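In what follows, chain A forms one complex with chain B and a second complex with chain C.
Let's turn to the complex of A and B:
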């Protein structure tokens, strides 16, 4: 029966992971700041975590840097215990060079580039039209 | 005698100013300030093997001339309230033990800050991924906060907007280390007292110990800023004759090493001769010979100094006058002693 259940998970890990490494929003209104934590998959987002593994500040500082701290040793430990990671954490660890880069990062980058191109095109054509008028 | 001393001093003060000139090879960062330029220990001639040599260390310690009263003096830090002194009755044994403890403590306080060559810039690219362009407008800094790693070994990497992943540069590394593992008294940004007019004014007020203490706290010894601040301060001390202010502090050894390394010990030697510390003068020359592989033939202290003046000194006139004055003092002393003996009817 267990084997069958394993097959039914379509290549996903079995037994299904009970721990997850994810962000937990700290900060305050309009000022996000995240702890990177390990918690039970089903636990509430505000529950106290099992362990804190790092921090992530999504707002750039005065030197235009976004700061992240990661406790690689403990992250390795929890991964070895079969913990999964949430997608934002996967992306972050990908950028840090700890995981392979997440496909979503490439997609976002590509979309941003495309958007920037389009806006610059509109701006240039818009100004050209204005000049013609 | 006094006239001779006055002449030798004025000779030095007026037209024999320091002549440490950084040659273009040995100086990587030159910032003009007060007519002094920063002199780094460059990595072509690494001073650390010679500095950490046991004999050199013991020579530096001897030259520091430890005064227990000055070492254990209460420093005017402004924060703590003054405590009432405690007076104790002690037996001889207890007194000896207390003195030994004081000496041990002073040895800790007098550790000379390490003299090492200035660090090289980090340029280690880990991976390049141009497909990540456009993902972020700002650089991402990732710091490893694993427990029990030394600050110097901590992995700190940077993902730039262009998609390049590389090891962080020194200033970012220091900033992150201080941010996540703060050291008490060190600031995230170096304080203004090390730059421009603020630094100049401190030097003018001769706050040498304050500058050097704070520099030790704020910077790592291989930091170009540390070497700039300390080297300029040492040159200032050397020119203004502020040796007595640094004596019996942890910085005196580093000062002496700096002067000996750059072959500029004449002012210090004259100071030692004038204050009749000929033995220390000889030790200074031992240090000089160790650093530059020079041998002095004579073993007598005074003869050794004369040999140095003859062969290596840049400021011969002043030093010769100083030695002459010292000899006169010796002569006078001898005459006085003999006179006393005669007066007491011993001869």
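Let's turn to the complex of A and C:
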């Protein structure tokens, strides 16, 4: 079956994805909360999922932690069934160490670093000028 | 077409004509999209984000790496998971036996679930039935009570009417009533004082004689 896979799609490496691992928003207004679910690619966002694989809380708690839970065993199973992953889930799994770190994570990191440097520079120069005065 | 833009007539047939430059006939109210934004309205177009070449190349590199890694990872997951089944199915007899064992185990669990669910379902439906019956009985009693109250109210009205009927003069009692009226003439020419005294007669004046005064019934 694995050998035939390439033939069926004119040399493309994988069968067309029918399942996707993605976020499903579960919170209320102004309070996002996400379930990590596996669903049909074309299913509506409000449809009940095939299976829940974890949760993600994008708002930091009192200890400044963003809590996430993941069921690696089932994620591994669904990936073996040919399920794809959405970009946010890829980023999250990259940060969790399950996937390689997503390029966007690197990009946001270096952009934030650059911005922080610039702001710190402006602050230091601003304070110096005030001291001189 | 050429009559509308006479300048076009001067062009030789070998010269290429860019018709998109000209708006020959305005057949719709909208300005055609190929004419572009007006010079005075160019400020409306937002500036393109300026991405440094270095950053672009770096992103291209790490995205290429990422895609390659992810492809191999997906292959790894697919092959790795399916290899378990391949190992189990080397000997067809053995794999058949394993499958049947697994099926028996799973079906036993399923039967247990079905049994529990059946009990719960029966309990639920019995309770629901009982509730419905009690509700219906309560409704019947309530309706009966309502009907009884209505009947009592009607009977009360009838009773009152019957009592009032006794004073009505029927054709049989007409002669008696006439005789009685003639025998007991009533003089309605009287006045009442504020303290309840009745002064009989049309032209009488109030006197101190107590016999003339009759205390009116309160």
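Rule of thumb we're sticking to: the second predicted complex is superposed on the first by the 115 of 133 C-alpha atoms of A that agree within 3 Å, B and C clash if a C-alpha of one lies under 4 Å from a C-alpha of the other, contacts with A are read in each partner's own complex, and residues count from 1 in each chain.
Throughout what follows, a residue touches a chain if its C-beta (ideal position, glycine included) is under 8 Å from a C-beta of that chain, and two chains touch if they have at least 3 such contacts.
Model, not experiment: these values are computed from the prediction.
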Exercise. Give one of first, second, both or neither to describe whether A:14 is in contact with chain B, with chain C, with both, or with none.
Key: second
Quiz item: In the superposed arrangement, does chain B or chain C reach more residues of chain A?
Solution: B
Quiz item: Which partner does A:72 contact after superposing on A: first (chain B), second (chain C), both, neither?
Solution: first
Quiz item: Can A:102 be said to touch chain B (first), chain C (second), both, or neither?
Solution: second
Quiz item: What residues on chain A does chain C touch that chain B touches too?
Solution: 106
Quiz item: Tell me, which parts of chain A touch chain C in their complex?
Solution: 1-2, 13-14, 76-77, 79-82, 90, 99-100, 102-103, 106-107
Self-check item: For the chain A and chain B complex, residues of the former touching the latter
Solution: 54, 60, 64-74, 95-97, 101, 105-106, 108-110, 112-113, 116
Quiz prompt | Touching residues (chain side chain B, partner chain A) in the complex | solution = 126-127, 129, 131-147, 155, 157-159, 163, 165, 172, 176, 179-180
Quiz item: For chain C, which residues count as touching chain A in their complex?
Solution: 55, 59, 62-63, 65-66, 69-71, 73-75, 77-82
